[in-house]
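Look for subunit A in each of the two complexes below; its partner is subunit B in the first and subunit C in the second.
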Partner chain A sequence: MTTITADQIIAWIERYSIRIAEQKEFLTKLDSDIGDADHGANMNRGFQAVLAKKAELQGKDIGALLKIVAMTLISTVGGAAGALYGTFFLQASNVTAGKTELTPEEFVLVLEKGLAGIVLRGKAAIGDKTMVDALHPAVKACRRAIAANESLDQALAEAVAAAEAGLQSTIPLMARRGRASYLGERSVNHQDPGATSTFFLFECAAETLTGKQ
Partner chain B sequence: MKKLINSPENVVLESISGLGAAFPDLIKVHFNPNYIVRVDAPVQGKVGIVSGGGSGHEPMHGGFVGKGMLDAACPGAVFTSPTPDQMHEATKAVNGGKGVLHIVKNYTGDVMNFEMAADLARGEGVDVEAVVIDDDVAVKDSLYTAGRRGVGTTVLAEKIVGAAAEQGCTLKEAAALCHKVNAHGRSMGMALTSCVVPHVGKPTFDLPEDEMEIGIGIHGEPGRQRLKLKSADEITEMLLNPILEDLPYQNGDNVLLFVNSMGGTPSIELFIVYRKAHEILTKKGIKVSRSFVGPEITSLEMAGASITLLKLDDQLTKLWDAPVHTPALRWGV
Partner chain C sequence: MVGLVLVSHSRRLAEATVDLIKRTVGPDISIAAAGGVGDDRSELGTDALDIQEAILKVRSPDGVLVLMDMGSAILSAETAKDLVSFEMTDPLVLCSAPLVEGSIAAAVQIQIGSGLNEVTAAAQQGLTPKQEQLDDTAPQPEPARTDEEMLVPAKGTELAVTIRNEHGLHLRPAANLIRALAPFKATVQIENLSAKRGPIAAKSLVDLARLQVRQGDQIRFSIAGPDQESAICAINGLVHTNFGDNAASAAKVPPRVVPTTDEPFPVSAGIAIGQPIFLEQLEPPIPSYAVPDEPAAKIELEKLHGAINRAEKAFTSRFERLRTTLDPETVSILEAQRLILEDETIIADVGERVHHQHENAAQAWHTILTGLAEEQESVSDEYLRARAADFREIRSIVLNELREQTEKMVLPDNGANALLVCEELTPSLADTIGSTAIQGVLQLHGGPTSHGAILARALRLPSIGGAASAVDQIRRATYVAFDGEKGTLWIDPSPELRATIEAAQAASRSAFEAALSQSREPAKTKDGLLINIAANAGSREDVTSALRYGADSIGLFRSEFLFQKFDQLPSEEKQLSTYQDALAPFGSRLVTLRLLDIGGDKPLPFLTVPHEANPFLGVRGIRLLFQNPGFCRSHLRAVLRLAVDHEIRILVPMVTDHSELVQLRKLFEELHQELVSEKLPHKWPAPIGAMIETPSAAILAGQIAAECDFLSFGTNDLTQYVLCAERGNPALNLYADALHPAVLRICQPAIEAAQNRNISVSVCGEIGSDPEAVPILLGLGLRDLSVTAAAVPNIKALVRELDVSRIATRLAEKFDTFGTATDVREFGKEVVSKDPVGIK
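What follows is the complex of A and B.
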């Protein structure tokens, strides 16, 4: 059976940190259109701090390493993104305490707990033009595929597709949460930066978590 | 980008270091996590008042730490909420046994990070209350949005609640008073120019020579409407009328009139706005019994202004007049 190892989780986080660094300007551009032009810089500051702790992550169980990721993000990112991504990884660490590998079923639970934490902290629903618009459909797609006994590869591919569709769906929306909501109608026809960084998280998961039999 | 800085990464750190060096008799600056506390913190038997938010709004909040105002301020990165560890440590540093009040501006990130900090502090047995300031009439209030932003009234709340805490009020009383100030205050702002966030290096939005943004917040985010530039008197009416209608402020009310610079607008222009606002209020039979004019809650170097009205009663007037001794605000001492 396919499992996800702690090393793969580290590879996922590392890949995502690199992706954020590469896409920093793009995320900031999206955020300057409808927010306050800091999403790229904030996420990059947080994930660079995570990268700097790579040696500390190695050899830890998945719960312990995700907790380090969470606490690092909470104390370095700031803004809504710090609280929300920090909460995601904190919830993820709670359900993986002591585990050195995860079954696909356990990995979906990680995603579901992370989503629940974000919804509780941010109080956003689908259609509010936030990261939830990408995260919620991606988690649901992953759950459906695993429940239907599809492979982890397939499940993550579907999650990426769902995240991308969710991301695209934010473009025509008028924001109802977060700083973009202050713009009212003027937030329409812009892609949400938080949903964009969430889409990258799933892309990086698909690139790093699959393949170990 | 043309700024008087050394490097974008060090802007906040170097600025608060300078603030600490300038006012060692009033404040102490703590690094990692970053917060500014009054020099005699924690004051035993006094409710601690903590605020914080993104940097770039100076003198708010760090300039308002001191006797009669804030016990601590937590500066985030420019225009970015501080992190929970900062508020948590600041809360513990100012807890004099009567609990700590968090004054939070209504921005998604600020609210969430202060909530996480309050959870952490309560978990360690510190009594924490939080009051969210949301006074910006430019934002339509609705159950389905993030709600109104916290702007000018924040400074007034910090002064008034800080005075009450100095006089020995309880945590519950401080929170109730802060709610009262928020309920009686309304603001609206406008921009003539954008501003440049140091780590971005270019203006957050483009604003042509002959246009202005009405209804901006304090983070360089564009406003509700972009219009052709008008005269100072017309702009003052456009800012003041929605404020007056919102509470509403009525004939016979006493108010504090606060005209604020967004950073780039000089005093000479602020008083032109003040003059017109005072005239409009007087015509409506609203008495301006206290005034506050200057750059207090800014948006880096943005040119523009905001107007805040606070309806006063005897309690609020006395607390406004009470002594205050901070780097940016000082009277009665």
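What follows is the complex of A and C.
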């Protein structure tokens, strides 16, 4: 059976950090349309700080390394995304404490706990034009695929597709949470930056967690 | 001294505010600034660790108040609160007050040594002086609710309403709204002003759901058409009852308990063992063929319409059958489900997929309904999330109808060796399963008090809930067993264990069979007392169960469920025929019929009560009947006429003192004269009894007993009134025990009064079905119990084991020592177990 190792989790985080760096301008552009033009900079500051701690991550169990990621994000990102992604990884670290590898089921649980953490912290529902719009369908798709005994590859591919669909769905919406909600109608017709960074997170997962690096 | 933390995206703003406070209020305030990100904190943003540090810097046993600006400052502050909770237990409050004004007001309070609550209150009031000076007081956010204020009529045919419903306009109130507006010609548009969504036409449940109307939102109705005035009246009526939510939430007793552990929990007693079958397995596989062109699409959609029609017919007939046995909340959920079947937007969305994405009908239906269920699941409201099951169920029903006749699902052996695994047992699912041989239901989620659960217990269908964490193991298992009474779950038990489980199952079944075979016999105690074990009922089905389980009579027939189906005041004839139909199976056996018992806490559509701050202390029961003399007369006449065919005792709800009985008797006399002159067959005099459910009635039982022919304790209400603990409030579950000595003591004089006058006195609350309570009730002198029909056999069996005179003696000795319900229960337990006092 496929499992996900701690090294793969590190590879995932690393790949994501690089992706964020590459997409920094784009995320900031999206945030300048409906927010305060800092999502790219925020995320990049946080994940560069994570990258700087790569050596510290190595050799740790998954719970411990995710906890470092979480705390680093919480203390460096600075925007709403810091508290939210930080909470995601913190919840994820709670269910992986002591584990050096994860079965696909366990991985889905990680996602589910992370999602629950974000929803609890941000109180956003689907349709509020936030990262939850991408995260929720992605996690659900993954759960469905794994429950149907599909491969991890397949599950992650479906999660990416679902995240993308969720991301597209944010375009016509009016923001109800976060800073963009102050803009009301003006937020309509723009893609949500947080949902975009969440989509990248799943893309990177599909690239690194399934063995076809 | 309370500590103060100021959080801003801008470090400089936070620090400058600190400076402002130190200079204007005083230099010795304990205050810290947090905010800014980046190496030198010069960039805008907030960071939870930074906030945590600031909190720890000013921590004090008096507490810490945190004020913040907006956006991530709030999220980070909340995160900091979580983090800090690991190392600090001092009180910590995050407050929404404006940063500058709020913190200055707070600092002033801190300086004069106020506590955290006062400091917080001062911060929240921080804007007031400025508002008063500038004369621009913001509109009060939530004016206290009065009915006038709820309706702010806008120009002409518009109506603006603030939604009070706890869960917003969710499925059930939305369904009520659509149903109520359906008969009108006027078109009604609805817009969510607060969320700036809509307008949409008030026709589709799905469209209404997409308005995302939440509690506190303002919505606007725009009504146009020939009968718009009547439509407005209808809307007004709905607003009064919070779109029918009041009725249902009051009926939600006991409240939905959402178990917090990941462990399975008991739902419905009984041991079940078998092969796990997942509900999805019963859903047919979705065909994958594409729909190439328009003609093919047309055929697909016709198939779908046919399937929906059939599903709706089946659904409606099942619903009609169930509606009288169910409480109003469940009924309205079923109503809402039926509306999903009729929803125009869903049909349009499905049509769209078939036409343009070339999906077949089953595929498209599956996608749309799954999407709706998931949308529902994503909301943060626990109650609403549970409603996702409604969409799933409707999805399955139609998919089952859509499949070809030849591939109809067949349960192997009709399910005799199977356990059903499902997300949550819904009432109609419970009903479907009730007619198969399925052994039991394993719910992945589902609460112990859900309506499916109640139905499962009535059907004696074993069930447990909360098995989600074991779902993967269950999927792989060949055999699963569980004990619905204890909540134990066994996955693939070893052959030895399986044998033990099967033996336990056989034993409990045969114990019940034995009790059942005896249950038609009278229940005589060891010392020869005859105890009347009656059943509670509210519908024809209940009456049938009462017969099946051997109840001696019907000790409480509740009228409310039967009347729930009327949208308008039912005529006398209608009431009569409704009762006749329900009681027909019981022939001429004794029925204690309670007059319609409604009030502000459980209104019916046709008899609404103006809003009351305290409906449990409001116009309920006989009070309501007296205040609606027209309806009251028709109701009492129907009851007198019913008494011709059945032996009826009339039970009066919510009696406060004997004057009400005197007045009622006079009214009956008068109606009797009327009926005589109209030559309508009826029976008078008939026995009249008083519910003893208010403390007043219990205290004045002597006088009341003199005015009536029997007494009956309504222990559920009596308990809430004596202990001052609202019965629907889950936080007060501790006080929801009728065995509390205070309740027993208030009952004692009433029991004596009945004995002195030689009239019967019974208990018809839940407590009668509780084995621990039975010896105590009998020991106190009660000889009539009315219980849930399915409990009759076991209660009779228990009664036969008791020696009541010995229990009474022991109870009398101990009675004065009881200080809490637990003391009483200890005693009851002792008696029911092996204590030689009661059972030999």
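Heads up, the rule we're going with is that the second predicted complex is superposed on the first by the 211 of 213 C-alpha atoms of A that agree within 3 Å, B and C clash if a C-alpha of one lies under 4 Å from a C-alpha of the other, contacts with A are read in each partner's own complex, and residues count from 1 in each chain.
Simple rule for what comes next: a contact is a pair of C-beta atoms (placed from the backbone, for glycine too) under 8 Å apart; a residue touches a chain by one contact, two chains touch by 3 or more.
Since the model is a prediction, treat every value here as computed from it, not as a measurement.
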State whether A:Arg186 touches subunit B only (first), subunit C only (second), both chains, or neither. first
Counting only touches as set out at the top, which of subunit B and subunit C does A:Ser32 meet: first, second, both, neither? first
Kindly classify A:Glu105 by the partners it touches after superposition: subunit B alone (first), subunit C alone (second), both, or neither? second
Of the two partner chains, subunit B (first) and subunit C (second), which one does A:Lys140 touch, if any: first, second, both, or neither? second
On subunit A, which stretch or stretches are contacted by subunit B in one complex as well as by subunit C in the other? 36, 38, 41-42, 45, 74-84, 86, 121-122, 176, 178-179, 182, 184
Help me check something: in the complex, which residues belonging to subunit A touch subunit B? 28, 32, 35-38, 41-42, 45, 74-84, 86, 121-122, 128, 175-179, 181-184, 186
Show me the residue ranges of subunit C that touch subunit A in the complex, using the header's touch definition. 37-38, 43-50, 70-72, 75-76, 78-79, 83, 195-197, 210, 212, 374-375, 377-380, 471-472, 475
Tell me, which parts of subunit A touch subunit C in their complex? 36, 38, 41-42, 45, 71, 74-84, 86-87, 105, 119-127, 132, 136-137, 140, 147, 174, 176, 178-179, 182, 184-185
Help me check something: in the complex, which residues belonging to subunit B touch subunit A? 33, 54, 76-85, 107-109, 112-113, 115-116, 138-140, 144-146, 149, 197, 199-200, 204-205, 217, 219-222, 224
